[in-house]
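Following: one structure in structure tokens, then a few remarks.
First chain written, first letter: the chains are A, B, C, D, E and F, and each begins at residue 1.
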Amino acid sequence: MSQQGGQDPAVAIDMAKQEMEYRVALFNAMVTSCYEKCIDKRYKDGELSVGENSCIDRCSSKYWQVTGIVGQMLGAQGGMQ
Amino acid sequence: MDPASAMQGLPQDQQAQLMQAIEQMQVRDSLRMYNSLVERCFRDCVESFRRKDLDSTEEKCVQSCCTKFMKHSARVGIRFGELSSEAETQMQQVMAAQGGGK
Amino acid sequence: MSQQGGQDPAVAIDMAKQEMEYRVALFNAMVTSCYEKCIDKRYKDGELSVGENSCIDRCSSKYWQVTGIVGQMLGAQGGMQ
Amino acid sequence: MDPASAMQGLPQDQQAQLMQAIEQMQVRDSLRMYNSLVERCFRDCVESFRRKDLDSTEEKCVQSCCTKFMKHSARVGIRFGELSSEAETQMQQVMAAQGGGK
Amino acid sequence: MSQQGGQDPAVAIDMAKQEMEYRVALFNAMVTSCYEKCIDKRYKDGELSVGENSCIDRCSSKYWQVTGIVGQMLGAQGGMQ
Amino acid sequence: MDPASAMQGLPQDQQAQLMQAIEQMQVRDSLRMYNSLVERCFRDCVESFRRKDLDSTEEKCVQSCCTKFMKHSARVGIRFGELSSEAETQMQQVMAAQGGGK
């Protein structure tokens, strides 16, 4: 097929899929990691306390920053290949 | 590259293909998350195996665990959206400053 | 293709695949979770004791019940989408 | 929907496609289970790294761990089958009571 | 297509894919398991000590041996099917 | 069967298909490993949530964790290669001794 814009559409679809898979995996990992760090597991009720809510917000922010640092470190090492 | 912007410029049939892939991924992730939630709440709420049926304390615990996890997941989702948008904006500013690539 | 019974066969295959994947994942999670709850890890031999066998049976039953409760909770919340 | 009943009513070529998918899934799951069992038994049985070879105690432990896990898995499998059948029966009763869907 | 050598090329590709997936999964599991057994997580720096290096070597060797034993046990039981 | 030897004897178009599958698998595994490394270093280095930003101790810890994990992974990779080669050699000796299969 013609390749306008310098990118094969099939390749664009594969890349879009992988980008989505990465984002979903990152989100799921953030959810799990911050659950372990922030949530009281006695489950008296299904409500999040003020402390849990604050922790979740800060945890998400810090987790995001860790992804940036690790990404830089891996990039500096010439990627994973 | 964002899935929404990846859609732009694609032929009709490939937009349909990408939409189908998105849908399959969402279903897969829902099933994964459901199983993961069952594992977690079972692990946190069920400790005794003298009976084969859950007692009312265990049942209530599972319900609370489930509700709490969903609230947690929703709040992380909000933060994740904010962080992604910030990163996207910064990326665009960097690309603009560099004159952007084709 | 003709769509007798109101369901596209390709969709039926996809749904059957996903149902199988879900069942396999559920079974594997039940195996893992009940192993953690029931099994003595000193491994003096490869036999399951009377107590371990009973625990496995009850654990499987309770795990199954938890899937039902979680399913109801998620359904009541309008699913995961 | 059960894979066996999903097969009924499908054209021949798509029955073959579903059978191939089932087979691939079984192979994948076998490999996943094998790796998972290796991880588990290694974690539970091997604690010392003064030597590069397993000693006889570790070797025997891994063998027992493996046997025990397979017996456990088989028993859970029996219960899982029973629970699935019960759920299937209840589902059919509910659908019959409601006049059932097409 | 002609089937020289008694093996359908499409089947050969599937088997090669599965062999690769298995090897990647085995490697990843070895990395994770030996990290848990050998690595000091205080992370004063990014260097591996002499003790950590020795442990990694022996751990990898023992992990490989465990795959062999488990493989034999599963084979003796008639496989997983 | 080794992917390299699986390639031999394959028609050109199927060699390309296998190469593409290898490439996709490597990308998938890189993303999995990246996420796994983030999870691990976050878990080991970040304990306090009084602030929303990492402090310099946490940042340095994450960098060390990342570097250390990569060195660990590389060393395991060397051992894995040796062990695989040994196993391959032994396998070929056994097959030769048995007269070998087609």
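The rule is simple: contacts are C-beta pairs under 8 Å (C-beta built on N, C-alpha and C of every residue); 3 or more make two chains touch, one makes a residue touch a chain.
What you are looking at is a predicted structure, and each value in this text was computed from that prediction instead of being measured.
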Those chains which touch subunit F and also touch subunit D: E
Option in D-E, A-F or E-F whose residue-number contact pairs overlap C-D by over half: E-F
Inter-centroid spacing, subunit D versus subunit B (mean Cα positions, whole Å): 26
Distance from the mean Cα position of subunit D to that of subunit A, given in whole angstrom: 30
Distance from the mean Cα position of subunit C to that of subunit B, given in whole angstrom: 21
Residue numbers of subunit C (touch at least two other chains): 21, 32, 38, 57, 61
Multi-chain contact residues (two or more partners), subunit B: 32-33, 45, 63, 66-67
Circular arrangement of chains, read from subunit E onward through subunit F: E, F, A, B, C, D
Subunit C - residues contacting subunit D, complex: 4-6, 9-10, 12-13, 15-17, 19-21, 23-24, 27-28, 30-32, 34-35, 38-39, 41, 43-48, 52-53, 56-57, 60-61, 64
Partner subunit B, residues of subunit C touching it in the complex: 14, 18, 21-22, 25-26, 29, 32-33, 36-38, 54-55, 57-59, 61-63, 65-67, 69-71, 73-74, 77, 79-81
Contact set on subunit D toward subunit E in their complex: 24, 26-28, 30-35, 37-39, 41-43, 45-47, 49-54, 58-59, 62-63, 66-67, 70
Touching residues on subunit F, where the partner in the complex is subunit E: 1-3, 6-7, 9-11, 14, 17-18, 21-22, 25, 29, 32-33, 36, 40, 44-45, 61, 63-69, 71-73, 75-77, 79-80, 83-84, 87, 102
